[in-house]
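Across the two complexes that follow, chain A remains constant while its partner is chain B and subsequently chain C.
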Partner chain A sequence: MAIEARNISKKFGTFQALNNVDVVVPTGELIALLGPSGSGKTTLLRIIAGLEQADSGAVYFDGEDATDASVRERRVGFVFQHYALFRHMSVFENVAFGLRVKKRSERPSNSEIRDRVMELLRLVQLDAFSARLPNQLSGGQRQRVALARALAVQPKVLLLDEPFGALDAKVRKELRRWLRRLHDEIHVTSVFVTHDVEEALEVANEVVVMNEGRVEQSGPPDHVYEHPVNSFVYQFLGNVNLFHTRVRDGRVRLGDTVLECNGSHGEAVVYARPHDIDILREADGPDLIAAGILRIHAIGPIVRVELQRDGDQQIVEAELTREAYAAQRLIVGENVYIRPRQAKVYPK
Partner chain B sequence: MDLKGRRRRVLPGFGITMGFTLTYLSLMVLIPLAGLFIMSSRLSWTDFFSRAVLDPRVLAAYRLSFGAAFIAATINALFGFVVAWVLVRYRFRGKRIVDALVDLPFALPTAVSGITLTTLYASTGWVGGLLAPLGIPVAYTPAGIVVALILIGLPFAVRTVQPALEDMDVELEEAATSLGAGRLQVLSRVILPAILPSILSGFTLAFARGIGEFGSVYFIAGNMPMKTEIAPLLIIIKLEQYDSLGAAAIGVVMLVVSFSMIFIINMLQFWSRRYQ
Partner chain C sequence: MPEPSADKQFRAACNSVQIVRSDTTARLIFAGEWSMQRDSADAASALQSLCDGRAASVGFEASELTGWDSSLITFLLKTLDQCRVRGLGVDTGGLPQGVRRLLDLATAIPERSGARKTAVRAPFLSRVGSASIDLWKAALDMLAFLGATTVALGRLLSGRARFPKAEFFATLKTCGAEALPIVSLISLLVGLILAFVGAVQLSLFGAQIYVASLVAIAMVRVMGAIMTGIIMAGRTGAAFAAEIGTMQVNEEIDALQTMGVSPMEFLVLPRMLALVIMMPLLCVYADLMGVLGGFIVGVGMLDLTLTEYWQETVRSLSLTNLWIGLFHGAVFGVIVALAGCMRGMQCGRSASAVGTATTSAVVTSIVSIVIATAIITVVCNVLGI
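Let's turn to the complex of A and B:
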């Protein structure tokens, strides 16, 4: 089922949590609402679920206005960051909850409930744990129970609020891969909220980057990552180096690199990702940026080099592959030149 | 330094605090209770039974004391939950005042509450005047005793449930609602099971307090033998007749019954807490 949120605004007291937000989720997609805390992503998710009421705007499910529908009527599956499992019920009963509370006329028989619950527990690979209580499970297992519970009522959409936020790094990684696979299997329209860029880019078909109650950019992960529309998105999606420059005749000079810029005059900031910075030992032309090497972190496959520019003493970070680092044999304290292979200019 | 045989505890002061606890409990609780048993042991078994167990007047008093306390505690558990719910879940004007009112029965001298209730519930009083034409006498009946015990026990029921409700995650209710549960189903399947242990503790405290309550009941009960005479009053009567052995015997019976009932409720509570 497709979800549309149109012109959603929401205030908490004087705090504008959402400001005219438009988000469309096509049927069967898995999209990520990505943003820093306070960006309104969770509020938007809760408004889609019906757990929160928008001040203005509308929510459509498959083109039908669901703005005033209650949480029950919306038939959404909601997964909470802290699982919200019923502690006094076994894993089995937690998953069965949504079926047991159905009206008698719609309620499946006990044997049907058992079959359905066990099928779901197999899906989340917890069929051996059906008799356990939630506090006898690990965090990752609990979140899988929460997911099975949400899926038991065959929701039209699945909404996940920072589903892996409370888990440790390794389990997170496992679980998000698993969520991706699960979505490929059952194809339920899903929205998940996260502040973890890697998670959003890895799991979602489409990423909606939010900031201060607005949508900054949305699109497929690789497109958003390669073509950030503004400095916020650029900075939020990864590590950056900032170079303050001036625009002259629609152009910006950074060392010997010349970049086009929309604004014709005034100040501008050039953004370059650390992995797009080349380090040169010998100047191969005029106007290169000179810098000294402050520190080298050579742990893992990527070597991080911290440099300080000669002119304005600014710190620049570069990332090299282990091979490039081995070939160059850089030493701390050495004077070198840097050149951004790729950079973006956003006027100030 | 003796580090071999003993495991060092992270929290210091176990020895001294445990010692203090035991001394304190002995002085304040165990020794007086033991004295009660020693005193009543001067009675022979037959004497003990004929005075404190088989005497119909005494039996009626036990039934009334335990019965009224049980009914009052049950009512308190129910309405205490509602009061706690309102205090935790809603914001309204004068909430702090209502919150403070809950503790008032603690502070009020029990005789004062007894006299006030009697005046109110007598057939000439404000409330009693309304109930009397309906054929529901309250003052000077067992119902009056229950009313007094409800007043006395209410703070326990509210104050034990309140923190449990405050700690309850709203997300649990949201999860249940999103799964299709209605308000009543959320209440009966999610909220009540989660706070049942606290409701049971509130019940136990109110019940225990009700069994021992004397001051407020004394005024509203009318104290008719076999009808509205509670066991603590019988003890006083025995003492006034210089029958301190008989009083001690009744005390022992009440103690044993109370202890076993509270023990059973605590076991229930332990069971209801098994998943925590």
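Let's turn to the complex of A and C:
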């Protein structure tokens, strides 16, 4: 089922949580709402679910206006950040709950409920734990129970609010792969909220980057990462180095690199990712940026080098592979030259 | 050259500061032990006299100082402040090195403005006004919540609501049977107290026998219900607020809603019904216990016989009294359940919000109980029952 949210605005007191937001989720897709905390992504999700009312704007499910439909009528499955499992019920009863509270006419028989719950528990690989209470499970297991519970009522839409936010890094990684596989199996239209860039880029068919209650950019993960429309998206998607420069005749010079810029004149900022910065020991041309090495940290597979530019004393971060670092044998205190392989210019 | 004149001397038992003035300078000479435990009453007057005098600069001398702590530093800071205000030159050279370093530390960073608490109290009328508006809002909230509960009850009666029977019976048990011990204790003691206070007065007239009717009517008509109401507010109302508040914090209520379950029907209704059913029953029980308490005093202290006490109790009680008592009980049941569930549902999203919700549930219940009692009493009085 396709979801459309049109011109959604929402205020909490004087705080504008959402400002004319448009989001479209095509049928069967898995999209991520990505943004820093306070960007309004959870509010948008709750408005789609019907847990919160928008001040203005409309929500369409499959083209039908669902703005005034109650949560019950929207038939959504919702997975909460802190699982929200019913503490006094066993895993089995938690998953069965949504079915047991259906109207008598719609309620499946007990044996059907049993079959469906056990099937779901197998799907989330927890069929051996059906008799346990939620507090006897680990965080990852609880979140899988919550997912099974959300799926039990055969929702038309699955909404996940930072589903892996409360889990440790390793479990998080496993679970998001697993969520991706699960989605490929069942193809229910899903929206998930996250502030973890890697998670969004890895799992979603499409990401919607939000900031301060507005959508900054949306599109396939690769496209968004390769072509950020503005400096916020560029900065949010990864580490960056900033170089302040001036635009002359639609061009910006940074060292010996010349970049095209849309703005004609004025100040501009050049953004370059740390892994796009080369460190040279010998100047192989004029106009290179000279810098001194401040610190070197080896972090797992990469080596992070902190440099200070000679001119304006700005700190620049570069990331090398271990091999490149070993080949160059950089030393702290050494004077070197840096050159960005790739950079983006945004007018100030 | 004129002799430096000691124009004023300050001597306390253990510490002192003496001001010696010459033409342009004033020297503060510290002596003895400066400590927080010892009173340095002369410090303030020394400061005053320093301010009154005319000197261009101030110096210090501390050769006779035997000990010091923060009281000296405080005094010096005040002095330095005064000197700065008056534009006097200060030479701290004569002070011990430790004192000078502390002074440097204390004056190194200027005081941040706005860090000091400045309590701004709104004017009396505006406080009364905003409190009244809050009260009005709270009353409206409560009415709205009562309305929502009534709608849920309507759905239940028409068979459209999902009613959790297991939860209903569990609540019935916790707010009924499990409340008996504390209700027994409190009611028995209230009966005893009523009888005792009454006995002292009534025995002046030799009318001890009326202790029985006093206790019986007071307990059955209103005291039994009030005591039960207050016990239940602290015990069950608080528990309701905590349970529902925790579910709110845990997002369980949102989860219920997404599964198409109305929290009003699923959480509030069973609690409300259970308490409304149990409260009148508990009231009857409390009445019995209160009468028993009165009986203990009557028979034990006032030498009334068992039959005398019993007959007087039965004679004075009418069914009307019992009905009024039960009505009180039912109303209090609604109030306590309403306040508990409402505060729970209004609970914020943090762990500390649960505590606030619980406290506020108890306060709301008790205030409402007292107000309701007053209204019912006046109405009964007007109706002549």
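Things to note:
Keep in mind that, in the parts below, the second predicted complex is superposed on the first by the 347 of 348 C-alpha atoms of A that agree within 3 Å, B and C clash if a C-alpha of one lies under 4 Å from a C-alpha of the other, contacts with A are read in each partner's own complex, and residues count from 1 in each chain.
By our rule, contacts are C-beta pairs under 8 Å (C-beta built on N, C-alpha and C of every residue); 3 or more make two chains touch, one makes a residue touch a chain.
Keep in mind the model is a prediction, meaning the values are calculated, not measured.
After superposition onto chain A, the partners chain B and chain C occupy overlapping space and clash. In the superposed pair of complexes, A:Leu51 makes contact with chain B and with chain C alike. Legend: residue contacts after superposition of the two complexes on their common chain; A:Leu158 is shown touching neither chain B nor chain C.
In the superposition on chain A, A:Val101 makes contact with both chain B and chain C. Shared-chain residue A:Asn135: touches chain B; no touch with chain C. Within the superposed three-chain model, A:Phe86 lies in touch with chain B and with chain C [touch as defined at top]. When both complexes are overlaid on chain A, the residue A:Phe78 reaches chain B and chain C alike.
Only one of the stretches 5-13, 41-49 or 77-85 belonging to chain B has C-alpha atoms clashing with chain C in the superposition, and it is 77-85.
Within chain A, the residues touching chain B in one complex and chain C in the other are 49-51, 71-72, 75-78, 80, 82, 84, 86-87, 97-98, 101-102, 149-150, 153. Residue ranges of chain A in contact with chain C, taken from their complex: 46, 49-51, 71-72, 75-78, 80-82, 84-87, 97-98, 101-102, 149-150, 153. Put simply, chain B touches chain A in their complex at residues 169, 171-172, 174-182, 185, 189-190, 193-194, 275-276.
Within the complex formed with chain A, the chain C residues making contact are 162, 250-252, 254-255, 257-262, 266. Contact residues of chain A toward chain B in the complex are 49-51, 71-72, 75-78, 80, 82, 84, 86-88, 97-98, 100-102, 133-135, 146, 149-150, 152-153.
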